[in-house]
Amino acid sequence: MRKDGRLEPNELRTVTIETDYLKHPEGSVLITAGETKVICTATVEEKVPPFLRNQGRGWVTAEYSMLPRATAQRNIREAAKGKLTGRTMEIQRLIGRALRTVVDTEKLGERTIWVDCDVIQADGGTRTASITGAFTALAMALARMVEQNKLNTFPVVEELAAVSAGIDGEGQTLLDLCYEEDAAADVDMNIVMTASGRLVEVQGSGEEATFTRAQMNELLDFGEQGIQQLIEAQRHALTEIHQDIPDWMKGVSPDASSFNCDE
Amino acid sequence: MRKDGRLEPNELRTVTIETDYLKHPEGSVLITAGETKVICTATVEEKVPPFLRNQGRGWVTAEYSMLPRATAQRNIREAAKGKLTGRTMEIQRLIGRALRTVVDTEKLGERTIWVDCDVIQADGGTRTASITGAFTALAMALARMVEQNKLNTFPVVEELAAVSAGIDGEGQTLLDLCYEEDAAADVDMNIVMTASGRLVEVQGSGEEATFTRAQMNELLDFGEQGIQQLIEAQRHALTEIHQDIPDWMKGVSPDASSFNCDE
Amino acid sequence: MRKDGRLEPNELRTVTIETDYLKHPEGSVLITAGETKVICTATVEEKVPPFLRNQGRGWVTAEYSMLPRATAQRNIREAAKGKLTGRTMEIQRLIGRALRTVVDTEKLGERTIWVDCDVIQADGGTRTASITGAFTALAMALARMVEQNKLNTFPVVEELAAVSAGIDGEGQTLLDLCYEEDAAADVDMNIVMTASGRLVEVQGSGEEATFTRAQMNELLDFGEQGIQQLIEAQRHALTEIHQDIPDWMKGVSPDASSFNCDE
Amino acid sequence: MRKDGRLEPNELRTVTIETDYLKHPEGSVLITAGETKVICTATVEEKVPPFLRNQGRGWVTAEYSMLPRATAQRNIREAAKGKLTGRTMEIQRLIGRALRTVVDTEKLGERTIWVDCDVIQADGGTRTASITGAFTALAMALARMVEQNKLNTFPVVEELAAVSAGIDGEGQTLLDLCYEEDAAADVDMNIVMTASGRLVEVQGSGEEATFTRAQMNELLDFGEQGIQQLIEAQRHALTEIHQDIPDWMKGVSPDASSFNCDE
Amino acid sequence: MRKDGRLEPNELRTVTIETDYLKHPEGSVLITAGETKVICTATVEEKVPPFLRNQGRGWVTAEYSMLPRATAQRNIREAAKGKLTGRTMEIQRLIGRALRTVVDTEKLGERTIWVDCDVIQADGGTRTASITGAFTALAMALARMVEQNKLNTFPVVEELAAVSAGIDGEGQTLLDLCYEEDAAADVDMNIVMTASGRLVEVQGSGEEATFTRAQMNELLDFGEQGIQQLIEAQRHALTEIHQDIPDWMKGVSPDASSFNCDE
Amino acid sequence: MRKDGRLEPNELRTVTIETDYLKHPEGSVLITAGETKVICTATVEEKVPPFLRNQGRGWVTAEYSMLPRATAQRNIREAAKGKLTGRTMEIQRLIGRALRTVVDTEKLGERTIWVDCDVIQADGGTRTASITGAFTALAMALARMVEQNKLNTFPVVEELAAVSAGIDGEGQTLLDLCYEEDAAADVDMNIVMTASGRLVEVQGSGEEATFTRAQMNELLDFGEQGIQQLIEAQRHALTEIHQDIPDWMKGVSPDASSFNCDE
């Protein structure tokens, strides 16, 4: 049995995605994965960063932060320190890069989508939960832009989610590590994958251990299973807001293939 | 009728205080006042800042922040800017100063209580909601320290809450302004008061208007009413966790008017 | 008898206002209140901050600083630390907000007035002395703009000054606290008021004490008396430069109660 | 034919490692991989960071920077900007983490090894060249500590090197991308591996593309080949300084298996 | 005739040195040189910077700043910018280095003297006026330490002052340039010299011009004359406070050679 | 005999200047003076800083840095500290000011030349080696602009180099101090001079010692000799690239003593 009571090594934690969690943002969710809770919002800005001006393309960027008591020990605020930690920079670069892979920035037009991931409570896997939640908030914001005729077509190419996997001290591969498992793991991997099983990002590392190609393959197998379930959860969450959105998006149901079809 | 539908000028918005909102902190609440939502946590640290070392006294300090999309327009993160705004500094100094007024720091011993107020959604009155919520989180953390025999006595001297009041463009005094009212007000006042009606902090200002002593008195009258109701809400919230805390806290207030009773 | 030798609780310290203290600024004074000495200057800039562009209105903003040895212990320079303290931010926001209350920014046109308050020597009441001095420097700069036909009308709506009041450990209300009194006070209040007795800003707080509504009223009564005397001192100072300024300023105030007359 | 004239997709660029490149550091190399040139140094400090004090273990940490004109366009210095970019943070965290995987920090004792990687000229693959060069500089510094009896045993567990691989716009897998290839690649992967073929770190990502499990495997196959050659180059470089170092290290020859044996 | 009305090229501006200008510092002066006005203070701290600990020696360090409206155009505060300019750093390093040349830091003991130079009004020569004023404030603070038996001997080795000289567009050498002269000069030199005519610091530069050895000699000749007069002014200023200080310092008279004798 | 083995007090260390050291910059050299090694590059940017816009003139500016292990003890990176030290600011201001003295910025047109000096290895005299190397890199970049018809005339007015001189503890004047000599010197002087022997910049200082006019003259005599030899080295280095540059540069100097001749 696993440290948080799960029975199987390839078992995902319970995931919930509450849509329209906040009043002001164009898209927002509260995603929970076990005890990990992240608020993800998507904000539409009608301009692009200087390096993209006058190219007819948009941009998607992400920021990530934790509340000071998201963790067992209080963390000093980065705003109080006056700078971001390397960990934060690394995570927000990862989130932005992953999301850009599935957005057609030409269809988006000269706009920036700011995705904010704020971890309210942390119990392992905050960066992967952020990506999974961020995709949902982003899809909501973009769907509303179609609904409001600000976009002609839904610019998402394919759905995307993320999960962690790791290898514990006994060599056991585990899916979706909770904090206690993560702290004790020899190898830690974060996997971002699309609905069709294509890889977007793979980051595997062992701080004081190494791993074989065979182990790497098992980590990816576990991740692939988890991501399929997470994409189901995203579809389920987005379905719930169908009453208020136009027909084209209702295709995004668990059994319909076409999340992003706008026919 | 008021801009958010309230019927009376001296009517408070609906207040809810959800205790133990987060898993890790020693005390935590989610306070909502109308559409304003703030997570307040209290963290106990077993040391004091350098200027207080070896004096046998403790310290209470506060930090305040907003999620970027707590507001209608996205705000740039202070961590990204690399510094706190003057507004944030002003607010967190106010919260800390107010809380210290009602804590007996000698009874607290050489410890620091860090109070974090993170605004999840803003609709006016975030600093006063932060104070009201912060007091509750602080009381929870201190009650647990008594329960765990880390403290001999509960070091809170008296209960405390805060509310805003203002004067609108027609000269009407209003209690507990929502954002739309606040943005249009000529005069804005924040009032922090104890259960016995003593003033802790009064900050009244008019950016482009002035006010009379008579108006000031009406603002304080409105504030006093609101604060009595907020203290009732705090007592109600703390009562809910009574099963898990010792008897002594059930009659905690100095003068038997009973800190936490609403029976 | 008071700690600095004054005989009455409602007695102001000796105030002097030396006009045209510096050569370069459009308006400048050295104000002394007892041992507290502040250089206040007003600078006219022919543009406004981005948020005000093309609105036909001006802006008044303030900055505040202390020399390192203005105080008994040397303070580290904020420039060396690389950031402003919360105290400085709070004070400069207060000064700017107060001054804006009495300037008609539409009459000012698209200009910014920068008010700089630099404390040369500190003995309590530096923020209130800054406001009283800053108003005088600002009025000088604006009067010269009228004289030079850069402004058609003098854009000051009403005169304004500021003073502190407090309650000592024995419950005695005191006006215009010197540093020694301030350090020992239970309650500290800063009051900004116009010549006609209207309130601009009230900030009262007790770090480790609370106060009643009755005490609050006495603090305001004391403040009101002090402010009348400070406005007389401002008028006296401005009168001295009348030889060099046009007639219109000799009866500048809105209701003939005469901004600058002390004849 | 490849953009820089190489004939084979799995061909490494010419690698040279000049040892003792600088006079002062305990270990230093100039590593060149094609047109990419990096100075790597290792500095021994006789203390550890606060979080490791009194645990009997050491630490290895890395810093990375580029000269402003290492690149075709001049980059603003991070020292002038006042902060590190996310890219720099990400790279130096990667280098440090990778090196720690192959150092037995208990054998190192309470010391920190600072590894500095300064890119003099950039033409793709600066982070992987940094890791390959950094390992050599680190090994030199540690070997000298053994020689000087500051260490009883050589604390390196196994040799390590790094290389990039990618997929170009036609789906062709390429080893060791030069800048022009890297800028045009759909997928980019950095691989850190030990002499025995165990993975230390895998980071694969596609900014605007995705990749399959099969492609991932080919990228790893290419990387594995490249790393074997890079480890040969490291061994060759270290062999050249054998005259000045003790016998135990001479085992680190191209044909001997055991770089780190000290039996 | 010179731009500020002086008749001779080697004529110093009027210098005044007002001692004990501020209440709190151990030593303080207001020095004026023509229209340039600088407040210089000396603060005694009973510890040394880390690099000097336990060496039985003291330290003298300086900080320099300008009020925003010391100049014709308002300067942004360095505290607001969050960092010191290169000009400020250069000047405060110069002041500190010059003062350390004439203080016997072993006699000073493990103490730091902080010298603060704050320019109230600038009209050229602020760095040299700062040095001349700073020496006087420093001497006052050290004399008082002798008087209070905190020091056995007066640790000043020799008196010191500073002045500028320059070459104008017509090749004329000028002493003690006012701002208007300085802005138009081809060559600018700052000279720090002791009472006995020994050089402490020479900094000569031409931004868009060069100069000959012969011109350099004339600049030094002018500087030497000016510095003798400035040292007379220092002696005169210090003599005025002799009533309050012990006999040994009275030797510091205009006609006595020995400022620093304590035999 | 001198500490690094030189036989004469007025003997320069061996100087080498390797041109086109880096691939990307418009001009670049590796200059070595004894054990001191500096990479100097010149970058052409087709715009000027805001204060020079639309004036038809260019700008030359310099930045200076050291690798962390350029020195015997590792230095913390300024990028990691988040700010430049005063020493760095002082040096880069000196380099820029010196270079601007010999460039006709009107002939340069509205362009900025960024000169970067990065010290790879330090053994005294890094700032003077930087100036000598920087001039060569600058001349290379400007010559290429003439060659490419981006400039009509070569905008360098005269050649320039820099060297240090000092006085040791026995009063001996020394030219071109190595680190060990510099650390023990009583007086340190940096001299920047043109080919025709005109002074550009003189900075002489004694941290804990003073010096006479006679000593100052000897320091300048030594400097003058050294600079003539350094200018020969620059000419020699530039000659090597003559095959690739147009004829006009072969007789570039103002008085036919021939900028680049080494006949």
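Letters A, B, C, D, E and F mark the chains as written, and numbering starts fresh at 1 in each.
In this section, a contact is a pair of C-beta atoms (placed from the backbone, for glycine too) under 8 Å apart; a residue touches a chain by one contact, two chains touch by 3 or more.
Bear in mind the structure is a predicted one, so any value in this text is a computation, not a measurement.
Fewest steps needed to get from chain B to chain F, stepping only to touching chains, is 3. Seen from the C-alpha centroid of chain C, the farthest chain centroid is that of D. Of all residue numbers used where chain C meets chain E, over half belong to both copies. The two sides are thus made of the same residues. A separation of 53 Å divides the Cα centre of chain C from that of chain F.
Chain centres here are Cα averages; for chain C and chain D they lie 62 Å apart.
With centres taken as mean Cα positions, chain B sits 34 Å from chain A. In chain E, 82-84 are the positions where the chain touches two or more neighbouring chains simultaneously.
Chain order round the ring, anchored at chain C and oriented towards chain E, is C, E, F, D, A, B. Those residues of chain E whose C-beta lies close enough to touch chain F in the complex are 83-87, 89-90, 92-93, 97, 100-101, 158, 194, 197-213, 216, 220.
Residues 22-25, 28, 35, 39, 41, 43, 45, 63, 65, 67-72, 74, 77-84, 88, 114, 116, 118, 120-121, 123 of chain F are the ones that touch chain D when the two sit in their complex.
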